[in-house]
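Input: a single structure, listed below in structure tokens.
By written order: A, B, C and D. Residues from 1 in each chain.
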Amino acid sequence: MKVGIIGATGYGGLELIRLLQSHGEVEQLKLFTSSEEGIAFSSKYTHLQNIIDSPLEAITAHAIKGLDVVFIGTPSGVSGQLIPQIWNEQTVFIDLSGDLRLKNSDHYVDWYKKEPAPEQFLQKSIYGLCSWNNAEIQQSKLIANPGCYPTAVLLSILPLLKGKLVSHQHIIIDAKSGVSGSGNKPTQMTHFTETTECTTIYKINEHQHIPEIEQAIAHFTNHVEPITFSTHLVPMIRGIIATSYLQANEGVTQEDLDALLVKEYADDPFVRVIPNGSKLSTNQVKGTNFCDITCRLDPRTNRVTVVSVIDNLVKGAAGQAIQNMNIILGFDEREGLEQVPMFI
Amino acid sequence: MKVGIIGATGYGGLELIRLLQSHGEVEQLKLFTSSEEGIAFSSKYTHLQNIIDSPLEAITAHAIKGLDVVFIGTPSGVSGQLIPQIWNEQTVFIDLSGDLRLKNSDHYVDWYKKEPAPEQFLQKSIYGLCSWNNAEIQQSKLIANPGCYPTAVLLSILPLLKGKLVSHQHIIIDAKSGVSGSGNKPTQMTHFTETTECTTIYKINEHQHIPEIEQAIAHFTNHVEPITFSTHLVPMIRGIIATSYLQANEGVTQEDLDALLVKEYADDPFVRVIPNGSKLSTNQVKGTNFCDITCRLDPRTNRVTVVSVIDNLVKGAAGQAIQNMNIILGFDEREGLEQVPMFI
Amino acid sequence: MKVGIIGATGYGGLELIRLLQSHGEVEQLKLFTSSEEGIAFSSKYTHLQNIIDSPLEAITAHAIKGLDVVFIGTPSGVSGQLIPQIWNEQTVFIDLSGDLRLKNSDHYVDWYKKEPAPEQFLQKSIYGLCSWNNAEIQQSKLIANPGCYPTAVLLSILPLLKGKLVSHQHIIIDAKSGVSGSGNKPTQMTHFTETTECTTIYKINEHQHIPEIEQAIAHFTNHVEPITFSTHLVPMIRGIIATSYLQANEGVTQEDLDALLVKEYADDPFVRVIPNGSKLSTNQVKGTNFCDITCRLDPRTNRVTVVSVIDNLVKGAAGQAIQNMNIILGFDEREGLEQVPMFI
Amino acid sequence: MKVGIIGATGYGGLELIRLLQSHGEVEQLKLFTSSEEGIAFSSKYTHLQNIIDSPLEAITAHAIKGLDVVFIGTPSGVSGQLIPQIWNEQTVFIDLSGDLRLKNSDHYVDWYKKEPAPEQFLQKSIYGLCSWNNAEIQQSKLIANPGCYPTAVLLSILPLLKGKLVSHQHIIIDAKSGVSGSGNKPTQMTHFTETTECTTIYKINEHQHIPEIEQAIAHFTNHVEPITFSTHLVPMIRGIIATSYLQANEGVTQEDLDALLVKEYADDPFVRVIPNGSKLSTNQVKGTNFCDITCRLDPRTNRVTVVSVIDNLVKGAAGQAIQNMNIILGFDEREGLEQVPMFI
């Protein structure tokens, strides 16, 4: 199988490269760039010396056509315009950016403040939330790979909402992310001296993942109310922890919640339900495609605290993208994704 | 003025020492220990060489009697038993632990799982939440210095609750803390390799600061409903960020919220209301007694996100303790507390 | 192939588990403990849920006898006493501790301040410095796996010493390590609040890796002079950077140095010589068995600065141990060790 | 006293502001900028809200003339050109950049690759290495404030060289610095994700502090040989640890070394000699003007390892600059510089 990566020099691209090296079905890997054509990849990223020494190639429809799968890891605003130019029916396109996720292009304009992708591509694309959308994913040639925060949030709250154990009202989600989610471009907010030893809340009520989460809640549970969703930057490289607060429906017990989660993910190779929900850490999934979930009902308030942790670059980006590829091409879902958590 | 510190080798004690060095009214500083009597303090903490070279002294009622103020920075469960033994009417006692904070000793037993302090000392003590309790503090000889999380939470939500701009129902508080709040005793949870590059939610629905926050809400706003309060450990030394989600009352606007906060703290030297509430960082108060607060109403949900940041060792412990001392002894509230935030 | 790990709960053990999961020849993995028999491993380390749920087993000669290879990751002072009790001629023993490294047991007593291993085991063991000792390793049943610092140091300086491009006199080595090298037991020196935001020099002239490095220099280059070797603790989990200062012999050029290093490691799958020696970073080998080396001659002083970076838990411990196993059992040296550097 | 800061928005400037707030002689503080005139300082740096709300002013010779002291914290290459334009004989100028440090302007061109300052200003300026140059500093109106690395290095090795306890030959210095030394401009090398969890050696044999250290050795000890000096970037905000390796002269003992250091700095308020030299940490001076030094003779090699730690932003920049001001203006050297180390 021949695979291409557009935007290979970004962190999503780097993580695809890392994971695809252990994928048994990838015969050839081509790296594309819009600006650094001809440069040996390992001269830019020394850690890949002796591993990826081939030069970056220019993006052309012709070059893409020969590939079985192409992953696109460009910043938002790019792939929505690029995909129409390089589209062909033989190649599977998996877009890691936000450009194809919102079906309503007005929402895209409102939250992303950029030009939306053409309508036909928005409609053609499938939201690649593995475990929840596999049947549709399997038939698709164009995947909108979910955002990092939405992946952590949705995998943990969708079962409880769909199973009607909790209310659609009063959904409050407080998420914390490592810094790699901001990408590889240096900014004041990611400057080491101002980022380390500091936790920051940012984009209060303005994060572009809010409409993505609401759209998915509506799609997978047939109902939605506006949510509150906050994001915090935490001084670590990788990891998201999403803490969601939900109102339990009348008579729901801790056992009901645990049983539902266990049942929901009994056959999923990557979602682990963690018993005894008093503690959950991002490092227990570091470097892997796992999403770990725990949940706790508070009898004092009848509220459910459901918590999930992922590695934002794996399950929240490159890992889920490869999982989508595996589903589409009929490989074992775990192929290339069996890393053991680094923990330390 | 003669000042003593019991539990000087803990982080609260170290921070008291740091801050009191610049306090113009302190003539003599005595450090007490229950186990390391006679050891030169700077031989244990090299950073204090040439600054505090005097030996640690044994704790006796007699030694305490000669002091104007004594700060107690022992772990919970200690000061509640110790204070009765060393009590005298001439000395001001300021307890940084949780032992005197809960007026109802059953709550203490339930949440702390330890033996409560004698009833008479619980009743004698005053909750030292500066800015909210100054009149009572001024008359007191025994201060229960507020917990780090409660300080950050209460300073930000009390004005809105008391001002009836938000509902007492549906209060959800998601707090994140640096690691120094766990003290100086090494544990697996604070072992560098397992703490750095990791964010952890812990004690879900079990944190002992829950009843303290609820008691204060009841005391200062005359009403309370059970709250949801979660705590996360973030890989940084200092800092707490508390993100609270409140339901706005009918017709409340962003301007109402901002105006109320500004008015509430117009005369407070340490609480700063930060305009344009889309971002707030813990490093803007690092090393200082400031509490910075920002707030944002979401018209989509009619929920208010109010965020506060403090340095857990200063405003959340030693700094507020000194502020309490200043209030009681009639000094300028700012004495010894005018550090500029380290930021980096 | 059946593999056992004694001391599985330490960081060396955890890293062996992580790497052996991708080793194609391992059919069965048994985890041994001296104190936590019967406990499910994943109940202690949640990150291994669904991966290693089997219980820890007691260490017995009988249980060891059925294994092809056993790795021993106990603290120094343990394996030297344990191996004689569980020894058999069918199993390959690979000791990650320092107990078998020093051939002269007086040196062990001097530097480790512990009881040495029995003489016959010291003499039977082979120093497993891959690339330098492969012929002897291949014939061995008992490997003394090199220390983390010595591995980084020796791989970089041995070629220059053996090739007579630099002098054996005036060898000064300044090494810096991440905190995981100190193991998983919490101490004041590895307590997050006192470790992060801090660099510490420790054990000046007292580190037990000094005699190990000197012994290896003597063994592989047939000459040795006392070295100066310093160690610093740096606030990161993984990684060692060893900066060595050597006096160039008369007439030696930068080209001579580069050419020698490239030739020395031309066939080694894990040692990479990095051209243009003005910069080298530990994160370019993170999570892998690579050792990256660069070197720079200063014409002003005629001194050579040779720098190497490794992941102390992989090339400096578990990875090199597996490489030793691969050499002994005739597998491809790279089996189980083809991870791509995490970089971020 | 009226004080100005040019380049107030850089980290040197921020640290000057932090420290000068507690300086009893500063009546007025003016902040100058070349590009952000009129902007309220606290709108750029929120942590200074309520502390420095005044607007940034344009740099003019006229505005400078009214000041008693002006600190210049611009990047190298700026102040050398700027000072001649704003020079007057009434104001004391203290330059924190490297522009005036090298007396030989050819060296400046070679190492800085920038245009040198005019010769007359090079000759007029005094190298402000406090404790070693106080008599000259006292008479000066133009101070070249020493670099961060040179300060740490020189304070520790000059006494031993001048006292002839060690040789001028074979001087090898291995230094490690926190990231704030790189300034506040975001770059790839200071991007959080690539900086944290990583130690990097950089500018091998190319660092511009090499000629500064050599010039000072020559000046203060009347002899110099080319040195080897390496710099490493460590993932912490503040702190430098400089480990220097020196050859002891015949017959020198540990007691000789300790006694000399203690005598040298007996009257210095900021240099502390730390006994028992097996361990030294950067956090013991964090936030302060201290330089802590320890030293250890190795009888095996007859080499001396002398180690010093400073806070690069205080003793290595703003703190020493203020100390220079205090010396020139006849204030107590400690004024504004009596902070207690943050330690945690």
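Criterion: contacts are C-beta pairs under 8 Å (C-beta built on N, C-alpha and C of every residue); 3 or more make two chains touch, one makes a residue touch a chain.
Just so you know, these numbers come straight off a predicted model, no measurement behind them.
Chains making contact with chain C as well as with chain D: A, B. Between A-B and A-D, more contacting C-beta pairs join the chains of A-B. Between chain B and chain D, the centres computed from C-alpha atoms are 36 Å apart.
Separating the centre of chain A from that of chain B, both taken as means of CA atoms, is a distance of 38 Å.
Chain A and chain D, compared by their mean Cα positions, are separated by 46 Å. The set of chain C residues that touch two or more partner chains comprises 11, 180, 193-194, 196-197, 235-238, 281, 283, 286, 343-344. Contact residues of chain A toward chain D in the complex are 11, 179-180, 184, 186-188, 190-197, 235-237. Considering their complex, residues 11, 14, 17-18, 21-22, 45-51, 180, 196-197, 237-238, 272, 274, 281, 283-287, 292, 313, 338-344 of chain D touch chain B.
The residues of chain A lying in touch with chain B in their complex are 170, 172, 174, 176, 178, 193-194, 196-206, 226-228, 230, 232, 234-239, 241, 243, 245, 277-283, 286, 296, 298, 300-301, 303, 305, 307, 343-344.
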